[in-house]
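Two complexes come next, and they have one chain in common, subunit A, joined by subunit B in the first and subunit C in the second.
Let's turn to the complex of A and B:
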C-alpha cells in the first residue's frame, strides 16, 4: 500500500524542479507583463497606477505600425529564404558526392555561432570602408564607390540576409534527417517507371518532407519574430528605424524611454503572435505523432 | 543518361560549394582581419598583409577578455549542468510514468520553447532585482534555464524511450530505488544523449546576449557576446573585434566538429520524430 502511494507521487517529484522554474521565471514574469501593460509603469517602481489601456494606444500609431511592418518583412523574407535555401542545400547534399562529409560539416557551422558574433562578423564583412564585399566588388570593377550596406534602404535586406545565414542550418539538419529515411527502393521503383525529377519530388520527396518542413518552418518563424541581438548589434534599429524590429521596440521602450507599460503592451502583442504559431505547431506535432 | 547524371552532380556540387563559401566568408574574413594591423585593414583582402599575430596578445589587455571568458564559461557550464540534471528527472517522468496532468505538463514544456526572451526579460529583471539576484551569475543562469529547458527534456525523453523497461524491472527486483535505477541504469545507457544535451545547453549558455545584458551590471559578469559587441561603434577597432570574435567562437566550433555526429543525431532525435 505504501509502495503504491509513493509511486503515485514519484513522477511529480521528478518534474517539480522544472515546474518551479516555470512558475517563477516564466509564469510570474508573464503575469507581470500583463499587469504592467495595464498601467503607468516603469522599471524602477513597477506598476504605478491604472491608466485605462493608454499603453495600447501606442500600438495603433504610425510609428509602431511601421516597426510592425519592418518585422513582418524581416520575418516573411527571412523565413522564406531559410526554407528555400535549406531545402536546396539539403536536397543537393542528400545523394553521394565528393567531399560530402566536409560540406555537411561546413553548412551547419552558422548554427553554433552565437548571434552576437554573427552580427560582429557580418558587420565587418559588409563594412562600408574596408569590408570584404566592398573590396571584392571594387576589385572586380563592379562598383566605383563602396556601398554602405547598413544605411538607408539597404539595411533591412542586409539583416535579412544575415538571418538567412543564421537560420538555414537548422532547416538543413531537420530536412536531411528526413531525407535519409526515404526508402531508396521507392525512389528506384519510380525512376524505373520513368518518372521525371519533378514527378519524383512531387510524389515521393515532398510528402515525406511535409510534416518536418511544417514543424521546422513554424519554429523558425517563432524564433525569427523574437530576434533581438543580431539586429540590435548590427544596426540598433536604424537608420531612421528601418530595421526597428518589435523586439528592439520592447527593449528601447523599457530602457530608453522608461515607459515599461508600453513596452509590455508590445510584448503582449508579440507573445500573442508567437503563441498562435506555437499553438499551430503543437497541434501539428500531435497530428504527426498520432498518425 | 550517364551524361545527364554527371551534369546534375556537377550542378549540385557547384551549388553546395557556393553555399559553403557564403557560410565561411564571415569566419574567413574575421580570420584575415584578426591577423592584420589596424592601419593595414584597408590593404588586406584575401590574405593578411602583415601577419600581425600581436592582435592575439593585445586583445587581452585591450578589453577584459579574461573576465569575459570567465563569465561566459560560468553561464555556459552552469546552464548545461543544471539543464542536464533537471532534464534527466523530467524526461524520466515523461518516459516511464503515466500521471495525471501529463499532457498539460507536456504543453507547459512546449510553451517554454516559444516564449520570446525579450517578452519576459524585463519582468525577470525586476523580479531578480527585488529578490536580490540582480547582477548575479545564478540570476542569469536561471533565466536562461527557463527558456531553454524544453529541448533537453524532449531530447532525453526520446533517448529514455529507447531503453527497455525490462532492465529497470530487474534492478527493482534487486531492491534498487527509482533514483538509483535512473542514475545506475538509465543515465549510463543514454551517455550519447546526455552528452548531446550537455553540449547543446553549453552552446545556448555560451551565446546568451540579452539576459546578461539586462540582468547584470558589474563588468566582471559581462560575457564575451556583450563585451565584444560593445567595441563596435563609430571608431571600431575591427581587428580587435574580429580577434575577440574568433577566440569566442573557436571553442564552440571545435566542440561541434569533434562531436558532430552525436550532436546532429541528437538534435534530430529531439526535434524530428
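Let's turn to the complex of A and C:
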C-alpha cells in the first residue's frame, strides 16, 4: 500500500521543480504584464490604479499602427530572406565538396555572435563616413559618394539584411539535419528514372524538408517579432521611426516615457501574435506526427 | 562491511548540527569584554554607498583620491563607490528605485531625478544647502537642478553648446580664423565658403539618435534666437506658441545648415562629428565641451579653436545648458553622512577634478582657477555665464524623442520648418495632456 502511495506521488515530485520554476519565471511575470496593462503603471511604483483599458487605446493610434506596419515588413522580408538563403546554403553544403566541414562551421558564426556585438559591428561596417564597405567601394572607384545604408529609405532594408544574416544559420542547421536523413537509394532511384534536378527537389527533397521547414520558419518568425537589440543599437528606431519595431516601442514606452501600462498592453499584443504562431506550430507538429 | 541505516545517519547529522549551533552560541558569548569596545567603535563608523554614472575606469581615477582624503577627514564615514555604465543606467536606476536600493549619493540626469522626486523618492536638498554653495554655483545651473521649487539635484556636470572650427580650413576658404562668425548669417556664409572652396564639408551636423542631443541643439539655437529661456519652468512647457516665428526661423536655420553638412545627417551621431572635425572632413561643428577630448592636440597647436555659438536675431551668443548632478534618495539611512560627502564633493578642488570627466565649470570659484585670458577657457566660462537652463520635467524624455523625430524629418528635407514646428507643438500637447 505504502509503495503504491509513494509511486503515485513520485511523478509529481519530479515535475515540482519545473512547476515552481514555471511559476516564478513565466507565470508571475505574465500575470504582472496583464495586471500592469490594465492601469496606470510604472516600473518604480508598479500598478497604481485601474484606467478603463486606456493603455490599449494606444494600439489604435497611427503612431503605433506605423510601428506595427514596419514590424510586419521587417518580419515578412526577414523571414522570407532567412528561408530562401537558408535553403540555398543548406542544399549547397549538402553536396560533396572540398572543405565542406569548414564551410559548415563558418556559416553558423553569425548565429553565435551576440546580437549587441553584431549590431555594433554592422553599424561600423556600414557607416557612411568611416565604414569599411564605403571605403572599399570608394577605393575601387565603384562609387563617387558614400552610400548611406542607415538613412532615409535605406535603414529598414539594411536592418532586414542584418536580420537575414543573423537568422540564416539556424535555418541552415535545421535543414541540413533533415537533408542528411534522405535515403540515398531514393535519390539514386529517381536519378536513374531520369528526373531533372527540379523534379528531384519537388518530389523528394521538399517533401522531406517540409515538416522541419514549417517548424523552423515559425520559430524564426516568433524570434524575429521579438528582435530588439540589433535594431535599437543600429538605428534606435530611426530615422524618423522608419525602423521603429514593436519591440522598440515596448522599451521606449516603459523606459523613456515611464508608461509601463501601455508598454505591457503592447507586450500583450505581441504575446497573442507569438501565441498564435506557437499554436500553429503545435498543430503542425501534431499533423506531422499523425502522418 | 556493516551497513548504517538512514535513521542512524540522520540522527548523527542532527547531533552534529546541534553541537555546531551550541558551539557558535558559546563562542559569541565568550570574550565579550575586548570585542565590545572594538565593535562599538565599528558601530560609529557609517558606510555610505556612492554611484556616479559613467565609465568606471576613468571615474575611479577621479574619485578614489577624493574618497581617500574624505575618509581621512571624516574617519567615521566610509564611502563604497559603485559602478554604473551609461548603457544600462536608466533601467538599472528604475529597478533600484523600485526596490528602494538606490545608493546614498548618486549622480544622474534631471529627467529621471525629477520623475523619482514626483514619486517621493528623492530628498529635497534645499535646507541642506549652505549659502556659500548656493552662491558659488552658477545661477542657470542651480536652477536646472530645481523642480517644483525644490532643489532635488546639486549640479556637478554641465554642457553648453559651443562652436568649434578648423583654422586651416578657414584660411583655405578665405575666412579669417581670428574673427569667427558671430551671427547666423555669417555662420551660414562660412559654412558655404568652406563647402565650396575646400574638400571638406562646411559643418558637421547630427540627427541620430532622435532625442536629447538633437533637441538640445535646437533648444540652444532657439535660446539664442529669442535671447532667453525657451522653457516655462512654472507650466513645464516650451515657449513655442509665444515665439512662433522665432522657432520657425531657428528650424529654417537648421535646415539651411544641413545643405552644407557632410550628408546623411540622420545616421550621424554627436560622437561621429567629433571624429569628422578631428580628421578635417568638416570645417565647423556645434558641440559640447566633450569635443575637446577628440581634438586636444589640434587645440594645443592652434589648428582648432572654440567660440561661442553664433547669435540669432536677439544678438546674444547664448546656449541652453544641459546638467547632471548629485542627489540623495529618501531611502538613504544615512542622509546626514550622505550630505557631508556630497558637500565635500562640491568643494572647489574636488569639483574641478570631477569636471575633467567632461564638464564646463559648475562653480564660480572653480572658474576663477582658470586663466580667462586664454581664449579656450574664456569662451567656455562665458558660455556658462550666458547660458539658460534646458527645459526638464518628468515628461522630458518623451518631449525630446518627439522633437528629435521631427528634426530628423526636417534635416532629411522631408518637411518644412513650419510643418515641423506644428508637429512638435501638437505632439508635445498630447504628451502634456497624458
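Convention: the second predicted complex is superposed on the first by the 289 of 291 C-alpha atoms of A that agree within 3 Å, B and C clash if a C-alpha of one lies under 4 Å from a C-alpha of the other, contacts with A are read in each partner's own complex, and residues count from 1 in each chain.
FYI, a contact is a pair of C-beta atoms (placed from the backbone, for glycine too) under 8 Å apart; a residue touches a chain by one contact, two chains touch by 3 or more.
Being a predicted model, the structure only gives us computed values, none of them experimental.
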Taking the superposition on A as described, I'd like to know which of subunit B and subunit C A:214 touches: first, second, both or neither. neither
Touch check for A:151: first (subunit B), second (subunit C), both, or neither? second
Under the stated touch criterion, which partner chain does A:130 make contact with: subunit B (first), subunit C (second), both, or neither? both
Subunit B versus subunit C as contact partner of A:238, first or second or both or neither: second
Once the two complexes are aligned on chain A, which partner has more residues of subunit A within touching range, subunit B or subunit C? B
Would you check which partner chain A:46 touches, where first means subunit B only, second means subunit C only, and both and neither mean what they say? both
Go through the superposed model and pick first if A:107 touches only subunit B, second if only subunit C, both, or neither. first
After the superposition on A, what does A:252 contact: first (subunit B), second (subunit C), both or neither? second
Dual-contact residues of subunit A, meaning touching subunit B and subunit C, are 43, 46, 127, 129-130, 255
Within their complex, state which residues of subunit B touch subunit A. 9, 12-13, 15-17, 19-20, 22-27, 29-30, 32-33, 41-42, 44-45, 86, 89-90, 92-94, 96-97, 99, 102, 105, 107-127, 142-143, 145-147, 149, 153, 178, 203, 206-210, 214, 224-226, 228-229, 232, 238, 241-242, 245, 248-249, 252-253, 256-257, 260, 264, 267-268, 271-273
Can you list the residues on subunit A that touch subunit B in the complex? 8, 10-12, 14-15, 17-19, 21-22, 24-26, 28-30, 32-33, 36, 43, 46, 85, 88-89, 92-93, 95, 97-98, 103, 105-110, 112-125, 127, 129-132, 135-136, 139, 165, 173-174, 177-178, 212, 215-216, 219, 222, 225-226, 228-229, 233, 247, 250-251, 254-255, 260, 263-264, 267-268, 270-271, 274-275, 277-278, 281-282, 285, 288-289
Which residues of subunit C touch subunit A once you look at their complex with the stated criterion? 90-91, 94-95, 97-98, 115-116, 119, 121, 207-211, 262-264, 266-268, 272, 275-276, 281, 394-395, 397-398, 401, 405-406, 408-409, 412, 414, 434
Help me check something: in the complex, which residues belonging to subunit A touch subunit C? 43-46, 127-130, 145-146, 148-152, 155, 235-241, 252, 255-259
